[in-house]
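Letters A, B and C mark the chains in the order given here, with residues in each chain numbered from 1 onward.
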Amino acid sequence: MEPSGYMPIVLQSLVALGFVALVLIVVPLLGPRRKSDKKNENFECGIEGQGNARMPVSIKYLMTAILFVLFDVEVIFFYPYAVNFREMGFNGFFAVLMFVGVFLLGFYYVLRKGAFEWDR
Amino acid sequence: MSLILLFTTALLIEKIILISVLFAITLGVAAYSTYGERKVAAFIQDRLGPNRAGPFGLLQPLADGVKFFTKEDFTPNAAERWLYILAPGAFMFVACMTSAVIPWGTQLTIFEKPVDLQVADLNIGILYIMGFVSLGVYGIMIGGWASNNKYSLYGAIRASSQMISYELAMGLSIIAVIMMTGTLSLKEIAAQQAGLNWNIWYQPLGFIIFLVCALAECNRAPFDLAECETELVGGYHTEYSSMKLGFYLFAEYINMFISCAVIATLYFGGYNFPGVDPGWLGGFMGPIVLFAKIIFFIFVFMWIRWTIPRFRYDQLMHLGWKSLIPLSILNMVLTGAGVLLFEN
Amino acid sequence: MTLYIFLTLAIVSVITALLMVFSRNPVHSVLFLILTFFAIAGQYVLLNAQFLAVVHIIVYAGAIMVLFLFVLMMLNLNSETEPQKSTMWKIMAAIAAGSLLLTLTGALRGSVQLATPVQSNPRVGLVENLGKVLFTDFVVPFEIAGILFLAAMVGAVLVGKKDLKL
């Protein structure tokens, strides 16, 4: 398939963009507008707000994101293989098996080091 | 030259009509999923469910829509104004884009002219869906962050961590399917499963992994930690109101609809059913079969939501990383070894 | 037609890249960078490198930029607490970036103009052909890439070690 096959995708994105923009512009005009300082405060279950929400979060989330990037790139490598999997036969399979071995080694290391321990 | 131009103009109009119809159907299915959800919940909990607006409460989604449109749309003072507006729009936009590569049927014959029932048959169809699934994180993260609310921030970070974690296992379970089919194009994957030659018979484990990941990607119970009412009020959309909130809720139902369509196409034969030719009724039989499957899976999603209690966050992450990823790698290696040993 | 699409995408990518550099809010920068990635993915599609285009979206826009956003959320992004850079630092940064620019221009001026590559096979960028090449001619670099990932994982765990209390 040639690049021109992507034209419908552009069309669909224009339709979706138009719909989203239209709703985001029109809807605020339909509802009532009654502003007050108390109402526009951030919701904190009724108590007085303390500071703002620009605060550091647990490093475990960052760890998850870093490991996600690494594993995601490794997973991407499997796609070109999977498409050609039958043609490659056992040669390709062993090459990928080695890659999967290294993948699992890294996975086991990260597991043992406790990066996935969320209950501690 | 003029002939080519004429052809492309005709094709352009055909595609625009197809996209618009698809868009309307997507929104309609999403709207009636909210009604379906409440009716299924009512059935499971032995209640009646919505029954006031119209016969059997069938006009309820319409009433909800009108309410969303006419509510006050306000922005908290502390929020980052533009990002706050952009985020729900981005979430909705991403949700609306995924339907483009799903083969809804083979071909329609309208005025003796064949019309493909797929917006774009991309060579990399399934990766296109994965790409937009991975972009879905932004609407949630930016919305939660821009609200400048602590509940929203935690909801956003929880939701996005959960989504990226389950994306890995989802990708790995798709790889096993691609090893069976040898193509990334969803049209070919659907066409290969003619009759009862469905992928589910070869990939039962992969299907279960995919189903769990799809539930987690859609932020649906039992994985709806992001908007876990008891801890985080409303999660990442705590500060949203009016149609911006509507976008978040609506996009989740669109995501559910598309996930069910992908599950039906990847594992359950898409528009194929034994003894039924998708070309019947001028080509309308294919979409009817596919929609029957999709509605069944939407029902399964709802059934799961109203049956299984919510996970704890550590359980959720442990399931994603420690169980599903090794299991999906095992599934992939077993598929490879099995195919190579049995076909040679 | 292709030329106009190329020009549009090129202009969009340059403008969004500049906006990424110049916007004050780091989250805006991330969003502009995502737009730049989309424009570049469009260029890949024009070259019929469809797999590369979608991988570009999945890996760069879908994974690495998510990591950037996580990092931004980890930082204490209060405008009051943000440290103000002194003029000294600005001058030093300008000197460092200027010397990099000088080196790059020098290197480019010294290089030989290559003949415009002729695209022998327009289907070479499709996933089937890419996979064949990757798993026959480039198997060894592929395995080494796996080991590189292992090293990156070890590094990531070591960075987070103190706070994870391992």
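Heads up, the rule we're going with is that a residue touches a chain if its C-beta (ideal position, glycine included) is under 8 Å from a C-beta of that chain, and two chains touch if they have at least 3 such contacts.
Just so it is clear, the structure is predicted and the values come from calculations on it, not from any experiment.
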Query - Between the pairs B-C and A-C, the one where more C-beta pairs touch - result: A-C
Report summary line: Using C-alpha atoms only, the most centrally placed chain is A
Report task. Provide the C-alpha centroid distance between chain A and chain C, rounded to the nearest whole angstrom. Result -> 17
Query raised in the report: For chain B and chain C, what's the span in angstrom between their mean Cα positions?
Result: 29
Query - Numbers and ranges of chain A residues touching at least 2 other chains - result: 1, 6, 52, 54-55, 57, 61, 65, 68, 72, 76, 79, 83-84, 96, 103
**Report entry** Per-residue multi-chain contacts in chain C, two or more chains
**Finding:** 50-51, 55, 58, 62-63, 66, 70, 73, 127
Report summary line: Residue ranges of chain B touching at least 2 other chains are 122-123, 127-128, 145, 153, 157, 164, 184
**Report entry** In the complex, chain C residues that touch chain A
**Finding:** 45-48, 50-51, 55, 58-59, 62-64, 66-67, 70-71, 73-78, 127-128, 130-132, 134-135, 139, 142-143, 145-147, 149-150, 152-154, 156-157, 159-161, 163-166
Query raised in the report: Quick one: in the complex, what on chain A touches chain C?
Result: 1-3, 6, 52, 54-57, 59-63, 65-70, 72-74, 76-77, 79-81, 83-84, 87-88, 92, 95-96, 98-99, 102-103, 105-106, 109-110, 113-115, 117, 120
Query raised in the report: Of all residues in chain C, which touch chain B in the complex?
Result: 25, 27-28, 31, 34, 50-51, 53-55, 57-58, 61-63, 66, 69-70, 72-73, 126-127
Query raised in the report: Across the complex, what residues on chain B touch chain C?
Result: 80, 83, 86, 122-124, 127-128, 130-131, 134-135, 137-138, 141-142, 145-146, 153, 157, 160, 164, 184
Query raised in the report: What does chain B use to touch chain A in their complex?
Result: 12, 15-16, 19-20, 23, 68-79, 85, 88-89, 92-93, 96-97, 99-100, 119-123, 127-128, 145, 147-154, 157, 161, 164-165, 167-168, 171-172, 175-176, 178-179, 182-184, 233, 238-239, 242-244, 247, 313-314, 317-318, 321-322, 325-326, 329, 332-333, 336-337, 339-340, 343-344
